[in-house]
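Consider the two complexes below, in which subunit A is the common component and subunit B and subunit C are the respective partners.
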Partner chain A sequence: MLLTRLKAGGPAIAKQGILVAFILFMIVFSLASDRFLSMDNVMSVLRQSAIIGVMALGVTVVVIGGNLDLSVGSMLSFATVLVVDLHDKIGPEMAIPVMVFATLCLGAINGFLIGFLRLNSLIVTLGMLSAIQGLVLIYSGGQNVDIVDQSGTWFRFFGRGAILGIATPIIIFALLALIIHVVMSMTPFGRKVYAVGGNPTASVFSGIPRSRVVFATYLISALCVAVAAIILGSRVMGSQNNVGQGYELQVLAAVILGGTSLLGGSGSIIRTVLGVLMLAFIQNGLILMGQPYYTQWLVTWAVIIIAVWLDVAAKRGRLFSPIA
Partner chain B sequence: MSRRITSLLATSAAIALAGAANADTVRIGITQNNVGIDSYQTTYERAFIEAADANDDVEVIVLDAGGDVARQISQMQDLIQQQVDAIIIWPTDGQALVPAVRNAHRAGIPVVVTNSNIAEAGLEFIAAFSGPNNIQQGIYSAEMMCEALDGEGQIVQVTGMPGYTTAIERQQGFDDRLAELCPDVVQLDIQPGDWNRERAQRTMETFLTRFDNIDGVYSGDDNMGVGALNAAIDAGRAEGMVFIGATNFAVGYDAMARGEYWGSVYQSPVDDARAALQTALDVLAGEDVPLLNYFDTPKITQDNMDEFDRPVF
Partner chain C sequence: MTETTTQPALRLQDIVKTFPGVRALDGVSFEVMPGEVHALLGENGAGKSTLMKVLAGMYQPDEGLIFIGGGQVRVANPMEAKAQGIVLIHQELSLAPEMSAAENIYLGELPCKSFGRVDWKALYARSNAILERLRCRFRADALVADLSIANQQMVEIARALTVDARVVIFDEPTASLTDAEKVVLFDIITDLKAQGVGIVYISHRMDEIFTLSDRITVLRDGAYRGTLTTAETDEDAVTRLMIGRSLDLSQRVAAGEVGEVVLEARGLSCAPLYEDVSFQVRAGEVVGFYGLVGAGRTEIAETLFGLRTPNAGTILIDGKEVTIGSPQDAIRLGISLVPENRKEQGLVLGMNCRDNMTLPQVGDLTTGPFVSGGAEVSIFDQYRDRLAIKTPSWRQPVGFLSGGNQQKIVIGKWLSMQPRVLIVDEPTRGIDVGSKSEIHNLIRQLAGQGYAVIVISSEMPEVLHVADRIVAMYHGRVMRSFNAGEVTEDSLVQAISGIGNGKAA
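Moving on, here comes the complex of A and B:
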């Protein structure tokens, strides 16, 4: 089999099934549309992917720690509504810290229930998904919020600004990815997250404070949501109550596409970034080719499943499971 | 969920009042789709209660399904049990509510459907529908687009959530009328914006990459329209581009005032709520009510916007 030989020939390449798939798709799309790889389009897709991307970084840490976070979608609605609403009431320099603190509190609730009370993360965060959406509706009374003076506020920098010609969302995404990558791969804390996700029992016996580590992963996830909300609020200059609805699935799709195991203990930030970019480029490429939306849904999920399959197949060196 | 508690309290109060009230008062129960999810529905509920309060002969029981089909079905059963004189329903799902509407019909309680119509199979069980005409809104938008472009140009369309009746009808009205009225306006592509401003902004950014010449943008509502406008402004291409929406939102109204947005269709939740109550009262008064009662949703443009209040949503 090709893959067997691939593995025998270069185990390093075989482990990068996602990267191979990513490059393949980029080639196909660039042949189909001459604008696909134009500088403008690449920059535009990178900028578009930043919101989902930043959230995916946090969720990756949670998933490596052996848990799930489905509450990020409504947490994004909460954080965006809050920061946009407070922007005109107390000014951006106060609105941002208040929103970050409130969002961290939500993350702390997740972390407490899952880390210290050891409740199932699927149930807790699914519950929080609805509970937080309810909270948003109570807060806003169902009204959309908007920033009145859109051109006069420095808040616009996060979503619409640029540094040296590179859009700010891209820079925020890249910096945050770098920081979390370093934390996860080079610090004791990162190793503890992998250990807790890989084998919770063994990690406890090794003296790792499992509850505190899990708690911290949810704080990181909430912090990422807060950053995403700043980008979103600044880019749109307003917010609907349900603006983040469904984002949790896109985020999870990117994390899975990046090859992070839902069982915990393995995965990488860099590969999540690849997953995020791949999803963003697929959606962009299909619109550039003039494909209708249902094709996009179909192709996106087909790609996710094929990519995950290729990844698993590359790791085990054969296309089908040895134990069928 | 404070609002729901308030309306439940209002409900019990209404029931208590209804017992004490004289025999001439009519009791009307309303089960709404999802109050609090957006400003439109929030304002609708407020306007409905105000309109009912203003009429001494009406007692209302105000319920909200919270977007949950099962809850709405049981609310329908409750209202039938309470033997209200009429039921107004804003269906959470046009198809799934047909049996519940049929039960009310069999119990001899007239049902008025408000805002979004029930599936065709249920039409024989309702007394009347009251709400906006989405197809007409699409038609108005097409006429404005045609006028703004002088009958010639290239446009793109950002639609609402795929599969939603409102999105489909607004697109259908627009597409048909545009083809008929000005065949020289070419639609380059149609893609969804999912009623989400950020999503619409992304869709428009891709359109801007793909097409060098875009003269106009039609959006399923102003929320998405402003997302598209933001994308065009960011790309430095908004100058001379015509933006038209199928429902006017406050953000669209403001953009219109700044001269960045050409026009939209004005749909007032207050008119919507009043029309629903009036239709129910007409039905109860034994008047000959047409099956489909559309309230007027006029065109709003930069020229006539002074005649309209800034939308509440």
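Moving on, here comes the complex of A and C:
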């Protein structure tokens, strides 16, 4: 019975594997540091993971649709600089919609090039990664931006506020994860994204407007970046020009760790959340154990390699294989 | 079994291989004598491929023994299989297209000079020698990507001949060959046989098996069903063993009343693929499009389904001119296409059966904003029963089904859309004999229920069996139309070929 289920859903093994690894890490770290599982620490890890997490939700949708999005890092820089800069110029109630619209436009460029012109997503979004970074510098003139009245604005609620004692970023992350999970697993749109990622040709032959579906996945990704930018801008109350640099790789790491196949057509939002949390707790645990912060990169790398290995091994039925 | 004192070149004894939930091979025994052509037959999903993968070292059997030349061996990986003299010629070619034929032939063991430099002279000389032996007309320095599919297959066979092969396994080798190329292939097999090589020949085609083989072993549902000596048996006996019952291809389900013209094309052109094509399809009839590969038939189907834009001519539905700009338009007009290539165009293999079947209409099967799983399951159940689809559950990923059942999922997908016109492109390609006749009968039944059906096929028995009218095409043009009653094989063959190259039914 269990075996049948594993066979039927190759990634199911990866899911269990991640869960097991996650629990193991939690046990090891909690033994090594008594602060690790304290309420304070857990809450702070969750809060810090929200930005990567929110972005990873959107990227998961793109990846399930069979594409990549490497532009989310510099898109986050763009969105954060924009919302923080506009905050003092036109007020937060206008700054947020303007920023969301501008970010969606960037997503629409990705979506148009990849969905309608059918260009390779790796090349397009890698190009966008540097193009948007350039755009940010042109916009800001290289100056970092700050919000002047940091304690008086209601904008502080998104990054620094709390509801019933739970930090707002955690709530935003959880809610957005739930919404996107429902969209992906229960709506016709979600089904179409899985179909397009699983077999784009067969999707076209089934009357699915493939280009529009791919376009929409990039809008979702951009929307998630916009939400992440609100959290980040509100938390920092300012922004450097390159604040999102390197985020794309952490986001992608979380998505891969969650077992979403880069080939498209499979994966899940909930598993990505698991991947995000795992990365966040590993990084936090290493710091609590007194390791310098850069060791987290090595450990993260090793964890991802092992996760990917176990995933493909599960599909192939053995650990070492000369054939795919 | 055979009266000979020589050891079998290869013997498998009681091989068991299970995958989670499936017993793919259940105690299968099989042997090939040196110099024997032993055909392996079975419906899709009978375990032929699994058995071959066990032989080639890609899978490890759970139980059972493998003997090569009398000695027991363990084949841990494909390299070992090759070292033991077992060579598998794949159904799907596994060549590096951007390399020369010679490099592909000796891939992995290029002749070397000092410092690991490739000895190109020796490489080409040896490769050319092998290609000559195979009577190939191309040279060893030809780029594989530039070769025809048939010649690529020759490269694959040449590769097999570089090792001192004891057993060569051919997996559906003629699927993409022309008749002339088949003759060459059969000569090669005869040569190998004369050299004492044991041949395992896997094919769906009865005529080939009866031409070539000495013995026939039949698998069904992963189990051994028997071995027959070819000279002492006939197609009927083999078919019975294979599907557990007898088949009569000549029986044909009568269609119902032929009604009004549903679909009509007038002077439709999509140059240079096809030009000036006109035809009518009525409710309740099956129109067969017969011709060679590349005659433009698939392209016509794609035009009707909104995947290609015609550059002249009109399409009429119920006598009214329509524009079909996208598959969505076609679906709205009641046109459905069961495409030629099931795995690439018809199905999302990783998705389950139900989701594949409801894919075109998933946007309509909703309660509020959500997909109604219940509505989907009821559609799936309805067409599973109607089409007799064999699957343990709707949750099964469609990639795990046999070819025939996969095709039924695609057909079910379109029937559930209640189409008026059903276009079926090569409905039984790569499908075993049992499912084949089931699908033929199904097509007849659908016409009987009032659908206007177009069947595109390269197999003459198929069009003769299912079609009420046959449109013969050659090089993008309609040569002639026939009524099923008055057509002869000769006239059909003449119509579809400028060169008079026909295959006996």
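By our rule, the second predicted complex is superposed on the first by the 296 of 324 C-alpha atoms of A that agree within 3 Å, B and C clash if a C-alpha of one lies under 4 Å from a C-alpha of the other, contacts with A are read in each partner's own complex, and residues count from 1 in each chain.
In this section, contacts are C-beta pairs under 8 Å (C-beta built on N, C-alpha and C of every residue); 3 or more make two chains touch, one makes a residue touch a chain.
A quick note: this is a predicted structure, and the numbers were derived from the prediction, not measured.
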| item | value |
| --- | --- |
| Touched partner set for A:N67, first subunit B, second subunit C, both or neither | neither |
| Contacts of A:I51 with subunit B and subunit C, given as first, second, both or neither | first |
| First, second, both or neither for A:D146, with subunit B first and subunit C second | first |
| Subunit B versus subunit C as contact partner of A:S266, first or second or both or neither | second |
| Subunit B versus subunit C as contact partner of A:N199, first or second or both or neither | second |
| Complex contacts: residues of subunit C adjacent to subunit A | 19-22, 58, 77-79, 305, 307, 326-328, 330-331, 337, 339, 344-351, 355, 359-360, 362-363, 365-366, 369-371, 395-397, 400, 413 |
| Complex interface listing, subunit A residues touching subunit C | 3-4, 6-9, 182, 186-188, 191-192, 194-195, 198-199, 201-209, 265-266, 317, 322-323 |
| Residues of subunit A defined as touching subunit B within the complex | 33, 35, 38, 40-41, 44, 48, 51, 134, 137-138, 141-144, 146, 160, 232, 235-238, 240-243, 284, 287-288, 290, 292-294 |
| Complex interface listing, subunit B residues touching subunit A | 1-3, 35-39, 41-42, 162, 189-192, 195-198, 201-203, 205-207, 209-210, 223, 226-227, 230, 234, 249-251, 254, 312-313 |
